[in-house]
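Order of writing sets the labels: A, B, C and D. Residues in every chain begin at 1.
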Amino acid sequence: MAGSTFGTIFQVTTWGESHGKALGVVIDGCPAGLTLSEADIQQYLDRRKPGTSSISTPRREDDTVEILSGVFEGLTTGAPISLMVRNTSQRSADYSEIAGYYRPGHADYTFDAKYGFRDYRGGGRSSGRETIGRVAAGAVAAKILKQLGISVCAYTRSIGPVEIDMAHFDREAILATPTAMPDYTADKAAVSCLEEAKKNLDSLGGCMECIVEGLPAGIGDPVFEKLDANLAKAIMSIGAVKAVEIGEGCTVSLRKGSQNNDAFRMADGQITKATNHAGGILGGISDGGILRIRAHVKPTPSIFLTQQTVNKNGEETDVNIKGRHDPVIVPRAVVVMECMTALTVLDAMLLNMSARLDPIKAFYAAAETV
Amino acid sequence: MAGSTFGTIFQVTTWGESHGKALGVVIDGCPAGLTLSEADIQQYLDRRKPGTSSISTPRREDDTVEILSGVFEGLTTGAPISLMVRNTSQRSADYSEIAGYYRPGHADYTFDAKYGFRDYRGGGRSSGRETIGRVAAGAVAAKILKQLGISVCAYTRSIGPVEIDMAHFDREAILATPTAMPDYTADKAAVSCLEEAKKNLDSLGGCMECIVEGLPAGIGDPVFEKLDANLAKAIMSIGAVKAVEIGEGCTVSLRKGSQNNDAFRMADGQITKATNHAGGILGGISDGGILRIRAHVKPTPSIFLTQQTVNKNGEETDVNIKGRHDPVIVPRAVVVMECMTALTVLDAMLLNMSARLDPIKAFYAAAETV
Amino acid sequence: MAGSTFGTIFQVTTWGESHGKALGVVIDGCPAGLTLSEADIQQYLDRRKPGTSSISTPRREDDTVEILSGVFEGLTTGAPISLMVRNTSQRSADYSEIAGYYRPGHADYTFDAKYGFRDYRGGGRSSGRETIGRVAAGAVAAKILKQLGISVCAYTRSIGPVEIDMAHFDREAILATPTAMPDYTADKAAVSCLEEAKKNLDSLGGCMECIVEGLPAGIGDPVFEKLDANLAKAIMSIGAVKAVEIGEGCTVSLRKGSQNNDAFRMADGQITKATNHAGGILGGISDGGILRIRAHVKPTPSIFLTQQTVNKNGEETDVNIKGRHDPVIVPRAVVVMECMTALTVLDAMLLNMSARLDPIKAFYAAAETV
Amino acid sequence: MAGSTFGTIFQVTTWGESHGKALGVVIDGCPAGLTLSEADIQQYLDRRKPGTSSISTPRREDDTVEILSGVFEGLTTGAPISLMVRNTSQRSADYSEIAGYYRPGHADYTFDAKYGFRDYRGGGRSSGRETIGRVAAGAVAAKILKQLGISVCAYTRSIGPVEIDMAHFDREAILATPTAMPDYTADKAAVSCLEEAKKNLDSLGGCMECIVEGLPAGIGDPVFEKLDANLAKAIMSIGAVKAVEIGEGCTVSLRKGSQNNDAFRMADGQITKATNHAGGILGGISDGGILRIRAHVKPTPSIFLTQQTVNKNGEETDVNIKGRHDPVIVPRAVVVMECMTALTVLDAMLLNMSARLDPIKAFYAAAETV
């Protein structure tokens, strides 16, 4: 397996290249009986669509999704759901030149090292467009989670030096701003930083965060399949992510136990925690608190400044990258983080159903026969 | 699956609880023909053994490993290698009391939430002793990697406020110091911080780092099975780790593309990089540079200060934890990080053998018949 | 996972329903560097195409395959290969009636029992058309095997009472006859039996066989992943197959050890066997002999005789099935058996590359760097 | 993976060789809350224990199982259950001689071909003793199934020419007779055949059958993970099995559709089938009828007649096998078939819990919080 499949029960397999005929995903293991239409998926794809603001690539793609299987009379049947998006704006010409050398910060060299050659058009399989399949599948997972009372929400936390002010957190702003920041003031500041960076033919990095609300305690497994371990894999598998933090993340290395432990308390007859330094996970299993995951994203490697590199003949050379590139990756990666989180959490919940014997007995005792 | 299995080809399954009869691991998929003895494994287990310094729990365990299968006349046969360590120092009495309440920062509550009850003796399955199986298996993986010219080395980077000085990096110190720091000066400072913390009935967090040298370019897969994604999962699956960084990690969110890209250069006819901000991975695939992974570890949750919590009857209560606990987790977790990294890298290398058609043809053309 | 994925390294995921928009397969883990075109796949799909003879359903489908990803400039890139076939001849009207009752011998009832409802059009996911994805993927696997010197060949062994005469085995006849029998005389006899059965509004069962030549010794694993165990699963997963035999198969239960053991002999310096009762597999691992697998296929359950059944309201009723159905399943299932065998054998060969340490060392010592 | 792991959710990993220190199994994914003791497992192991009759090897092994983890205060905890049986009667001397040549009908040659050498003592990993782990794990699966109202029962159907008479089916006889036949008369006849075979230094084959009662409709998946496909793999993975049949099995190839279809009928308000030619599975999914699986087992390859073979130097030679061997494999394989069936059915039931959305919602709505 070349690793294009994610998940154990709710299993998704993505395919497609930036400049191929199409991209898509097959969802296998989606429970039967979910109301599903293209519109449910399209609204998520539109959030990662390019060309929607001054700080995003001018490449225009409608990225219209088509459901090819697995849905009958508006309901999922339990059969694989095949989703496809046709590529419409391939300007391969932009890329023919890069066939010959290795772009710094890109996977050009490592693909050649692994496979002996590569589809160099727009990054081929390592293009950001690969995430179309992840987002399409994540939209389905998120819809199921919503019906289980669980919401997943990702947003931009910082771009370059500009960080959001949690005191001004405004969830609406996430979809309303070009930066996907939940803070209109920070958004404005970030946009001007980005325009400055563009003027300098450079790019910026940033940080995104995802929170999961409503997740019951007890989800995840204690050893290798810890919920935080699977979230770390899911998020780190998004191109350009270089660090993943859970709860207090990196800062725990500077804390004392007395500062970092979350005291358990009672609230309206429920066990709760006075604080949530743990980010909602203890020992790899959800504790009923809000999940909090943070990811740090490198600046767009495609910059227009002249850079040093090497060509396929092993000669040193300078490169001037052409094509259409965002000056920052984060805003369009936010929905990908949200979707990878949804896929991870849903899969863990489905696996969790066989954790205890009594509920299994109850399940089969209640099983309707047709 | 309750998630006690790790790896696709070199597959390890750990078992055992802190105060059960024994702990162990089954390695399935180890190539035949490796010279292997208990001594190869014991030297790794000794690195995580408790009771070896003033800053480690006084619990005494020899943790002597026994090879039960898979090795014949000193060589691995290709059959599963079953490794077992008997528990010898179970003082369950220490723990009978904690059966009734939930220790802050521990998995007591989440285990009850998931399974309905738990083996409360010393954390049961969520005890640090679970890592015995990981380390035993990792020792075998590391031995194979060494024969492939690859070295894996983890060490403590910081404890509380004390960070190592890379200018004084001394690899020998890693095994010689109680902190597993590659810097004798930092070690001394860290030890006194820890003794201070102990005096205050508190604990400290820290940071550990792992580097992999000699890894060829081309290892890892481009999408969900990115090498960095699998490393993130492997390391985040170590109890108490709350953040994982690759290369520049979190700092990339503050950099510009022009600062973060690594220029490709030629050196003695080989493609190399002028810098290694990427930490040896581009697009999820190794680039021939040194792998650099960092993990942030929370302070030991078992502190001797009085803490607030809740008991199984849903009553708020204060707890005073007894038992034997390290004031810091990092020094003994370092070898676990090294082993999880070795397991991840080896598995990726074995999977990589089928990436290209021509080497597969060559493999079978060369296949010896008996 | 709803079980639409097959294989560990060469991993295929099929999707699509009989009367949906399209059917297809995603191949993940295909080695890079294979020359591949639609024509390579189409010739296999044409072998399962309906409407090509008097004994096959009159449903007309071109079943034209489209490569959507994973191939660049005529070569596989190592990225997932997405293959799609559009449905063109949906006459759902034929099926609207069967929505209400359960056809004997079909999966109508079990789908409702599992999922609560079903896509009833032409059997939906349980239609024979699901095998389009298997055949498309198997064509790719077979092309790789051929380059490794391995041939896979399936054919019809019997239809109803008519069995082929091995003395008249003629490989060309497999593709030339409507029955896929390697024996023109038996084919004629079988066709008249089938026409008789059609006249009686009934259907016939049959037996198919697959042989694999050129497979080296040492392929397969000793315990749960025995080569014969995976072949049994692969073949039994073809709808309508009710029995799988390896080598002498069922007859071994009537033999003595002295009759059933295959003596090892030397021939031109190679170890060989005097006989091949084992069918080329000993202890789950290939022994260098010809693999021989047999499968017994039930008669087409869709017959035009009046049958007794039950409807969704739990009322007993008689049914008269309409639509377009073959009087026998075997001839079109032969290519499916060939493809499932190719997928199983190739996957086992790729997994086998990490069985021994020395070849792994040699592999990485020889690894080209770009 | 060398294929020593079986199952997706209820996952078992076996280890150990015939003449190593011990054999065992790790069960990962066993639901928490099952009452479990060594006695539950021992009664199954005793059924496969050697040396209990005139027709079984005189090798004496107590095969006493030890639970090393995963059970606390008599209940499974959800953690891996490690089970071990120490080898006590190793007479390796018997086998030192066979190191040099390849026994006909055994895996000696194929192990050497795959791994380059082998643990030749008593067949090493390919010994029948490997099934100890399967039986120990199967005993746990069977206990869970029993609590779900499902019984699994295997027995000997024939040995050599002697077949049981279904009219005299007596379930008690299965455990009471040396042949595991449910028919005392057939048992006597079979025993004398076996004594005859022993006198002739030869061995016999046979057939075993397994039935599963109480399984609800809807278990299994429609494509590659068909219930019958997984049963075929599970049973074919038992050494010496050469054919697997479901329901009418091989005979379907000679039937007409009108003879083979099972009519659906109503009985006490339940959907049922007038006949059960399908063996309880339609389209890969259970139909509520009795599962019926048959397996054909080759005669013991270790016979005492002189046989022709080849030695490691590639010289032809005659061999006279020594050691302790049953004249027939079936009676001791019956419990293995029963256990592999239990493991397969339980795993399918656990996977099935996420097939529909509504029961998932109900499950989480009802989820107890601690």
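Just so we're on the same page, contacts are C-beta pairs under 8 Å (C-beta built on N, C-alpha and C of every residue); 3 or more make two chains touch, one makes a residue touch a chain.
No experiment lies behind these values; they were computed from the predicted model shown.
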{"item": "Intersection of contact partners for chain A and chain B", "value": "C, D"}
{"item": "Of all other chains, the one whose Cα centre sits farthest from chain C", "value": "B"}
{"item": "Interchain centroid distance [CA atoms averaged], chain C/chain D, Å", "value": "26"}
{"item": "Rounded Å distance between chain B and chain D, as computed from the means of their C-alpha atoms", "value": "37"}
{"item": "Chain A and chain D, separation of their C-alpha mean positions in angstrom", "value": "44"}
{"item": "Junction residues of chain C - those touching two or more other chains", "value": "1-5, 8-9, 14, 29, 32-33, 78-79, 109, 113-116, 125, 216-218, 222, 271, 288, 351, 355-356, 358, 369-370"}
{"item": "Chain C to chain D touching residues, read off their complex", "value": "1-6, 8, 14, 102, 104-107, 109-111, 113-116, 125-126, 130, 158, 160-161, 197, 202-207, 216-226, 228-237, 239, 242-266, 269, 271, 274, 278-279, 281-288, 296-303, 305, 307-310, 314-316, 351-352, 355-356, 358"}
{"item": "Interfacial residue positions of chain C with respect to chain A in the complex", "value": "1-5, 7-9, 11, 13-17, 20-24, 26, 28-30, 32-33, 66, 68-70, 72, 75, 77-82, 84, 109, 112-119, 121, 124-125, 312, 368-370"}
{"item": "Residue ranges of chain D touching chain A (in the complex, touch as defined)", "value": "8-10, 29, 31-34, 76, 78-79, 144, 147-149, 216-218, 222, 270-271, 288, 349-351, 353-364, 366-367, 369-370"}
